[in-house]
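Shared between the two complexes below is chain A, which has chain B as its partner in the first and chain C in the second.
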Partner chain A sequence: MLQTLPAGAPGAETPAAPILQLVGVRKTFGGFTAVQGIDLDVREGEFLTIVGPSGSGKTTLLRMLAGMDTPSEGNITLHGELINDIPPNRRPTCLVFQSLALFPHKSVGENIAFPLKVKGVDAAARKARALELMRVVRLPEDYFDKNVMKCSGGERQRVALARAFAYDPEVLFFDEPLSALDYKLKKALEKELKDLHRETGKTFIYITHSLEEAMVMSDRIGVMRAGRLVQVGTPEEIYGAPVDRFVSEFVGEVNTIRVKREADGGWAGVDVPGRFTLAPPRDGTALDEAFVVVRPEFMRFLGPGDSADNRLEGIVYNEYSLGSRIQYQIRVDAGAAGEKVFLVELSRSRALPPGTDRAVTLGWDAADAFTLGS
Partner chain B sequence: MADIALAPAAESPAQLRLARRLSAGARCAIPVALLLGIGFLAPLMAIFGYAFATPRSFDVFRSFTLENFATLFDPANTVWVSFVWSCGLALTTVAILAVVAYPIAYGLNVVFGRWSPFISVLFVFPLFVSENVRLYGWVLFYIKNGVLDGTLKWLGLSGGPEVLFTPGITLFGMVYTYLPFMLFPMTLGLALVPRDLIDAARDLGAGRLFIWREIELPLAMPGILIGMLLTFVLAIGATAEAKILGGQSIIVISHDIEIAFTYSQNWPLGSAMAVVVTFFIGGLTLFALSKLDLDRMLGRR
Partner chain C sequence: MKARRTNALIWGWTLFVLVAIYLPIVCGALASFNKSRYFGFPIKVYSTEWWSKTIDSIEIGMIVKTSISVALLVTLFSVVIATFGALAFARYDWKGRRLYQKLILLPIFFPQPVLGLAMLLGFNAVGIQTSWMTAVFAHMVWIVPVVTLVIAIQVYGFDASLEEAAFDLGCSRVQVFREVTLPLLWPGIWSGMLFAFLLSWSNFPLSLYTTGADSTIPEWLYAKMVAGYTPMVPALGTMATLGAAALLLTGGLVGLLVRRRAAA
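Let's turn to the complex of A and B:
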């Protein structure tokens, strides 16, 4: 069935070998490179989310993992065995489609029991297992004979999930299955999915363009851009230590200032006049030009006598209520470039008195900002 | 409907009643209703009237007798043989076509790719030529010293098989003639099967045959059944194949009807036959359509 890698190949005989390993995976369609240079180790039992804007190659990556596409270059190994050319029906993996791909002519029970029917399990055992899985995904028992097309969006998600579990895969893939649902249901199902991940202990690889979704559910997140994995790390690492401006902007709103090194070793703003104090870049490289990236929630307003490593004078142009938090849009005089907009986010209890057009002083500490080379 | 909702409130109840009686849809349907009334329903009524007229007369709507039907159902009469031939040939045609058209329909959807439109046109193209002309073409092909026989002899082989003017060649002609009518509904039916479902079934461990039996065939069934119904209804009324290719080695029911109207000048008997055949096919079609729950098969309910 599965080809075994020759001895000495990466990932073959190491003790804590990852369940799924990608080495130098590349996929081209004609002259178009969809995915390239993917090196990734997936640990057994983890919830890994791949995020990226549309067209970043995340679906192509997933299709290769599920066996619906073959890599043009590189190796995909499962438990150290090369699976590049193993067709999807002979892989112990299962994909929950974006469309869910439920069989419209079959009932809820028949859909869930489909993989069991493939394996030749007899009807009684199929039904018992399907009902068991329906309990796991919190579907009422009397849905067994219900037409699957009569189910609501949330119920269909559960049917698709139960059907995937019925296959008893080692790794489950998810291709944005929640993207078509309304916000509230999506939030509820994200948490349920995380619970199910805990309860089943299976390895989940989830694909989405919504970082919010990734943050809630994942143990680790991989960020994709233009066919490459830019950064892989825990949600905290992705949020707190992005490797470049793309990741920092993808993870949330940011204020970015371009700076260059002065003769005295200090930093001067390029698009905003002034001198700034910077934390050294995370990777320790010496830079002559850099970007200072500050998240709106790390900005604050300075009163008389308050101190901060960096400060800017501006005018409150607009304020938005985000529920428990308030975001301010501040216009700062940027000299020749006109004005530059900065975002400041405060919890409601620390909000300014309402009203726009007032002059304010923004401040942030060097330790709260990222210094990025690109 | 929409114009009722948008009607100003000041309109009188009488105007509203008129608007409701003739909705936009009904008004749009007037031309086709008139056409069907004159071109379809009126001749049908005339045939129905003739079926109860005195045999070998033109006393339509002025006489009433069941004698024509009595003649038809008289076992001594051979009309039932023609009817059995027509049904048998139609059923066999449908069965052969289902097997022949399925791989082509599958190919048009999945395999042929950018050649699909071209191949579709090849199947449609013969329809531009009159059916009789095409059938005479086959006669020229199969006839003694014709294209097949002549070519084989010219190559020094013994001549071609003598297949012309047999029931078998009639069946061949029918399969040939009705292929597009099976192929295109079937192609459409197969096109309605989402590729995602095939991928999902495969991902859940199913092999090709299992996917075909459990997913592809049931979901393509509406198209397949419509193709079968269409070809059956057309084939049961076929005459040209039996006359031209079959050389009247067998007489089909529609040929019997034609003879009654022409040589025999017995319009009432011909009409009675037509009425029986019409009711048979109509009943069969309605029965099939009632069993064929399209919405359910397409998963819309």
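Let's turn to the complex of A and C:
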């Protein structure tokens, strides 16, 4: 239904060639460096998400890829061809804006057919193609003449998507288009977007500040911080093997303990008293000081007979329902430093009996925690 | 009880303001139907004689033509200049924009007789013979800033990413302007046109200095008030007012219809 790109040569065993390649891409505005030296290969047909907090440079990066800004340094190549200075109207790429940027003076159909009109396609062919794309994005046919400003948030989303497809780009960029929608609709559209990605085989580059969104949709995720790509990997790699505390905290709430190496080779807590058993750092570096990062869902409460590699005594002082899960906040006595709060998340079936102010023992195994140098 | 008194006060005040604004216009209209040459209330004999004389007068015909020509040319030039001026004013960020924003607004606050005199002296200095065409230029000095402001409000109201999106979807710069910028600015341009025409139509102080041997309606009204009053003065004044009102009403209706059709 959609014009898709030819996939890699039949039978080829090597991973798809990079469609977009960034080498040392920097962008400065006056004295401010928004993007500082990004190297990245985007594979043909992948769904790549760039996540980062606001101000991390992800929007600037996307604008350079779409041609709305030019890099101050470095090269961006598409199919091996330098595109640094090619304006957006001459790039085979298309950006779905955060605001969606639907033309308020045009109907749903006119919006979708707009890129075809610009190309000089005749009216009948335009309409046929627009209706075809409306089916692809699951918009009812009688919406063709509807005023686009009278559509709901989710419908507008689909119009924007269909319009981008009508341009028939090789790479689609998304600038947090789902951020304004309510949670349920957002979840549904995330899945639809992933389906559309698979159906069309196009390369999608998506930016968002929500790692949750990135996890659901992406083949690969790049985490940005202060203008740099800190880590690029599959959702499993980002979740299961974060390179530093920033990435680990970005994925969700975490418990962090500072530790330092003792004379006997063991680890002692700095901000919480006690000795801890750590898995060696994944990259194999030898550290004298480190951070132990444990996700709340890997912490558990220990009964009298239970064992765990590490344990801490504390008092439950808050519990929150997260729907299917329950999160507990535990105060642990940290000696001179006062108190330190730990989070434990359990599925509802394993919840403690209700009530706070009870003494508990926390436990976790070394294999479930990360040992990070920074 | 208290609410009723408040209501009565609001209605009373509204009525007073309406009477204060519209009574003089009604008086003018009544004066034009006076059969007697000299003005005086109450009117003893009513007649449409002066209206027919006004309509038949060749001199007035020329004056109306001059006024319309000036207003049309002012409208045309002002709107073209102001549309691009408003984009520079409200859309694009460039060095010197703040100074430009101040400079463009300044002529609105100049006393118009001073502006008119200054322009007359300027035309003389460079040796340009004043006529209704120099008045077009003089009107524009004052009207372009006003229209720029009117259109700039529209520019502020629309999302710049729409233009970027059109550019991204393959439009050339010209296509972006034609397909997105112009249609979205249209309501502002339309009211800017009405402003330009009506402000030029009713302008007296600038015309007085810069039309040379030609004369516009307000100038003629003034001249005849000073010497040679007949009820043709209020007759032409009423016609000019009705003409302006009709234009405004048509303009508003067209705007409404276009919006209705767009919203369908």
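The definition used in the following text is that the second predicted complex is superposed on the first by the 358 of 374 C-alpha atoms of A that agree within 3 Å, B and C clash if a C-alpha of one lies under 4 Å from a C-alpha of the other, contacts with A are read in each partner's own complex, and residues count from 1 in each chain.
In this section, contacts are C-beta pairs under 8 Å (C-beta built on N, C-alpha and C of every residue); 3 or more make two chains touch, one makes a residue touch a chain.
The shown structure was predicted, so the numbers you read here are calculated from the model rather than taken from an experiment.
If you put the two complexes together on chain A, you find that chain B and chain C bump into each other.
When the two complexes are overlaid on their common chain A, residue A:Tyr167 makes contact with chain B and with chain C alike. Residue contacts after overlaying the shared chain place A:Leu322 against neither chain B nor chain C. In the superposition on the C-alpha atoms of chain A, the part of chain A touched by chain B in one complex and by chain C in the other spans residues 66-68, 87-89, 93-95, 97, 99, 101, 103-105, 114-115, 117-119, 147, 163, 167. Per the touch definition, chain A reaches chain C in the complex via residues 66-68, 87-89, 93-95, 97-99, 101, 103-105, 114-115, 117-119, 147, 163, 167. On the chain C side of its complex with chain A, the touching residues are 159, 161-162, 164-172, 175, 179-180, 183-184, 262-264.
The part of chain A that touches chain B in the complex is made up of residues 66-68, 87-90, 93-95, 97, 99, 101, 103-105, 114-115, 117-119, 147-150, 163-164, 167. Against chain A, in their complex, chain B makes its touches with residues 194, 196-197, 199-207, 210, 214-215, 218-219, 296-301.
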